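For reference, chains read A, B, C and D in written order, and residue numbers begin at 1 within each chain.
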Amino acid sequence: MLERYLTAASTYAHWIDYQFLLIAVLVGFWLIVAEGMMFWLIFKFRARDGRATQYITGEETHLKRWITIPHILVILCDIVIIVPAILVWYNIKQVMPPADETVRVIGQQWAWSFQQAGPDGVMDTADDIRTVGELHVKVNTTYHFELMSRDVVHSFAVPSFRLKQDALPGRTISGWFRPNRVGSYDIQCTQMCGIGHGLMAGRIIVETPQDHAAWLLHNSTPAVAGQQALPSPSTVGMDGLATMAEVRR
Amino acid sequence: MSASAKPIANARSGTGIPSARLITWWVIASEIVIFGGLLASYIMHRVAHPEWAESASHTLTWAGALNTFILLTSSLCAVLAHQAADSHDGPKAAKLLRLTALGGLIFLCVKGYEWTLDIREGFVLSSGGFWSFYYTLAGLHGLHVLAGMIIMLIVAADAAKNEELQRVECIGLYWHFVDIVWIFLFPLLYIAK
Amino acid sequence: MSTHVEHAEPGIFRKYFWSTDHKMIAMQYLFTGMAMALIGGYFAYVFRMQLGFPNQYVPGYGIVTPGRYNALVTMHGSIMIFWVAMPVLIAAFGNFLIPLMVGCDDMAFPRINRLSYQIFLLSVLVLLSSFLVKGGPFGGAWTAYPPLSAVGSYNLTPAGATLWLVAVALEFVAFLLGGINFTVTTMNSRAPGMKMYDIPLVIWMIVLASIIFMCSAGPLIAGAVMLLFDQTMSTGFFDPTRGGDPLLWQHLFWFFGHPEVYVVLLPAMGIVAEIIAVFARKKIFGYKTVLYTTWAVGFLSFVVWAHHQFVAGIDPRMANIFSITTLLISVPITEMVFLYIATLYGGSIHLDTPMLWALGFIAEFMVGGVTGIFLGSSGTDIYLHDTYFVIAHFHYTFVPIAIIAVYGGLTFWYPKMFGRMLNETLGKIHFWGTVIPFNVIFIPLFITGTAGDQRRVYSYALFAEQSRPALQHLRLTSTIALLVMLSFQLIFIFNFFWSLRNGKSAGANPWRSATLEWTVPSPPPHGNFAVMPTVYRGPYEYGLPGGADDYVPQNVPDQAFGDQNS
Amino acid sequence: MHKFQKSALYRIASRSLRLPLALVIGGLALSGCRMGATDAATRGQEVFETCVPCHNSDGSGNAAVGAPNIAGMKAWYVEREVDKFRAGVRGMHFNDVEGMRMRPMVLSLASEEDVKAVAHYVETLPPVPHGSSFPGDPKAGAALYATCGACHGDTGAGNQDLGAPRIAGVDDWYLATELRKFRSGVRGTNPKDREGRLMRPMARTLANEDAIRNVVAYVETLKP
């Protein structure tokens, strides 16, 4: 159901979508029943001359069951909703499948920046790739992310992945995602983080392994003697610009 | 209605508890959650930060203990004032209430002396997590002591003229509450090291 | 028998600003709340215009910059909850109704009552003054999460942030004083004969709301003190680099914030109960069961707060517990709504304006209720958290509460407050002109939220998925519907003031209602009751078989209409 | 008794009626008069509100948030740099904390016209004097300034033909910060940043932190 409104591009997007559908069906049924009942009663018992009001306290057993039976059914529906909800939650947030790759996601006012291992495959080495506003990942690869914040509370959200996690200053929060559809998707910040909150956009680009390898090679900068103390220059390059400019238009 | 005339609503007592005592209990209940929130925050932080014990070791335990003793004694005076008010002896109740307020004053003086020493040693509100809680908790409590003293002196002035004697009990209740808050603060801020 | 003596007419100041009369204090709260509602509505107009017509000049405001947008949404939220819903629903209706409906002449502590309004007014002034300081009003969302709210160089509105915090804290103190007074008055000052289950539901609910507020506001007041020190005295309560914890604020805030939802919901439910009973000419179906569900809701509201923080970085295992408690709270609320609907059964339903509002409340509130299930179940909340789905959901609860139920209450008790009837035709036009656009505003927002629109965003131009034209059309629809809804409010304002002079004279009991406030003249005189009433029965004795009339007021002794019901 | 009450309540209500009604009607009438900016200058002033939270309404800036004094800056320079931010040529480096705050804000400007309008508005702001925030040796800096003078001019007035902005009268902390950014490659490494790529090697001729402080101290003595 959700996919009608937004692409699903990660493995767990469908879990959430099915959960959404389940709830929509159950609560939709109850909403229609209750609203229908109400409007029917309003019509049926509209004021008419010569018809007296019935004196009902609501303590009568034969009438009370009209409340107690739906009541029990509501509890049953709650259980039907809560069990899969917890399962979805458990599988997304509480357990992490083994990682193929790791990325570091850093929020600051008002940009997302990313650090991932260069061609050597090891994080925190000289050939790490640091990007701003744009994250390149391989399709069908399980990523673990380490989420941090440099200043205030941000929230790392990729709607197409159905991924959302707050970034807290002073902590590193881990999570995972596994993109399964090539393309380029929005990254939002969904926690008020100052005047630029509504402008804190990023892109996540899901590539085929070949494209990703080419990108890695093109953008990693081996350590340059004499410049080792300095951060490597921006690697975003023109690709990032093009995307952002497109979005502007 | 002029401000001095009491409405019928004030005189009724559906619960059997006089309205004045009832409202005092509700005020105390809402104060309990304020201090409760602050204390719970402090305890959670304290558990998460064992290193705060070092800061806590700089507090003056003797001053805290002395203040505990002073507040307990003043609470005793408040009880005696209540007894006097019950036997309709307004002047005696007033005298005892003023004695209670004097206890509060001594408490604040000791507190002031203690804080002066702390600040001289360089421990101020922003010196670290423990000190922030130390000054905020004790400061909020100190404000309650101060407010209690002021109300108590007003009640005493009425009581001396044998007026509004039911208020003696209410301010006494409030004073016991302030006392009990301190009994929580003393071990948490001074003894736990 | 009244013990009050007629006084010489007091000066304007003493009468309007220094009065201890509960009815005058109710009017002070009502008019202050309505003025604040105009301000809050104006902000909604401005930021919806920005969303509907991005970056255009907004007539009557100017350009909406990102910083101003944040301030607008922050102030809209804060004002509508703290300075409209609370003062109107609890303080205005509570002050006006409690002494009248429990049958006494005033609050138990009238001067504390006056102090409560004065502190409230001070909080209003402090909040409004934040519009004049450098940097403007606070823009860090009404939830004010630190470190953003704590550090001036992050939020860029240091003065506004502090003033906002002080205003909120003062407002809490005002409602603590008011709520304690309500509770004591209802516990102690009821008319002789009015037993626990003879108290009208609206009074029960206002008092329970006050008690819930009292139990939940304390931790946030403590948090406000800490945040104030972080802002002004460079402490580090919420600063992670100095041993503090930003999550602590979130817990303190939502420990208050979720019960707060029920603090404003319960009075609205109470108002609706009164109206339904009168206009369906029916006893409330299962009066005691309604009360039990209210208690259950009140208790459960304290154990659900972390469902606002599922993805905030709390221990993920906690989410499971809070997900269960959250779905659990749906049980008593559903039951309460079922009981209201069941009350219609066997009635004789008159669709006067107040009844339209009351039924509208139930119909709309149900939508708000069921959409809450999506957010309360932790799995779907990962996606829906902080999207427009949340906005649409809580507006489907808050608009019925603070707009629809309030209009219901105002149209119902207007004759009692001012002695004249409102115009029915204008009232019905206003009803449909409010309720239909309301749905057109928020149904599109459910869809944009489901499509991923995140909250508090001033323009979606930078987000490719969100700047799809279809979504912009939905936003535009919502904006236009808001303009329609706002313009229909002018009809109410006109009706309100026009009827003060030109309305039909109401008489004591125009709705033939059984509760005590309708036994006194409209508007009630000073001291309310010429003869203090005694209560003989519950508040909803409608449709009694065999009586001369179809209802029996609470203060009529049993002999007066025969013994068949004693 | 209640008659008096009724009239009292009625009087408040009817008195309070007239003002809001007049305001509402008047407001509607006024708002109908103007649906948008009349000219570029007004628009520039309106859009400048975007910049006010950090740079202040007089353009004096705020060192605490890293926002420089921009009052009276030349429009061509403001426009060029804003465009660089918008295109991601500036403010896209991993360590450029201030740039990452600036970039989204200029992206909020709706169009190139708005950029031009706000740049012209910035130029019309009267310069705001400011103090110095760190010590340096202007005499030692004078010698180092020779390199800078080639483009920025002996008086630091800048040279539009060479794309060199005025630096005299700019906040010392801002100059120092940007010199450090150029040196470390946080700024001036993007291939599209033509002027930045020229500036970067110049900044790298400054050997160390002392050199930066001294040359900035010298620039502070210049009168534009």
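List of remarks:
As a working rule, a residue touches a chain if its C-beta (ideal position, glycine included) is under 8 Å from a C-beta of that chain, and two chains touch if they have at least 3 such contacts.
Everything numeric here is computed off the predicted structure, so don't read it as measured data.
Counting C-beta pairs in contact, the pair that comes out ahead of the other among B-C and A-D is B-C.
Chain A and chain D have centres, each the mean of its CA atoms, that are 35 Å apart. Taking each chain's centre as the average of its CA atoms, chain B and chain D sit 53 Å apart. Chain B has its Cα centroid 49 Å from the Cα centroid of chain A.
In chain D, the residues that touch at least two other chains are 53, 104-105, 107-108. The residues of chain C that reach two or more other chains are 65-67, 156, 458-459, 462, 526, listed in rising order.
The set of chain B residues that touch two or more partner chains is empty. Remark: the chains found to touch one another pair up as A-C, A-D, B-C, C-D. Those residues of chain A lying in contact with chain C across their complex are 2, 5-7, 15-16, 19-20, 23-24, 26-28, 30-31, 34-35, 37-39, 41-42, 45-48, 51-59, 63-64, 66-67, 70-71, 74-75, 78, 81-82, 84-90, 92-94, 109, 151-153, 155, 157, 159-160, 162-171, 173, 184-186, 188-199, 201, 203, 244, 246-248. Looking at the complex, you find that chain C touches chain D at residues 6, 9, 15-16, 23, 27, 31, 38, 54-57, 59-60, 62-63, 65-68, 135, 152-153, 156-157, 417-419, 458-459, 462, 490, 493-494, 496-497, 500-501, 521, 523-526. Within the complex, the chain C residues that touch chain B are 3-4, 7, 20-21, 99, 104-112, 176, 180-181, 183-185, 187-190, 194, 214-223, 225-226, 229, 233-237, 242-245, 248, 252, 255, 526-527, 532. In the complex of the two chains, the chain C residues touching chain A come out as 65-67, 69-70, 139-141, 143, 145, 147-148, 151, 154-156, 240-241, 246-247, 280-289, 310-313, 316-317, 319-320, 323-324, 327-328, 330-331, 334-335, 337-339, 341-351, 359, 362-363, 366-367, 370-371, 373-374, 377-380, 382-383, 385-387, 447, 450-452, 454-459, 461-467, 542-545, 550.
For chain D in complex with chain C, the residues that touch the partner chain are 1-2, 4-6, 8-10, 12-14, 16-17, 20-21, 24, 27, 30-32, 34-37, 46-47, 49-50, 52-54, 62, 64-65, 104-105, 107-108, 110.
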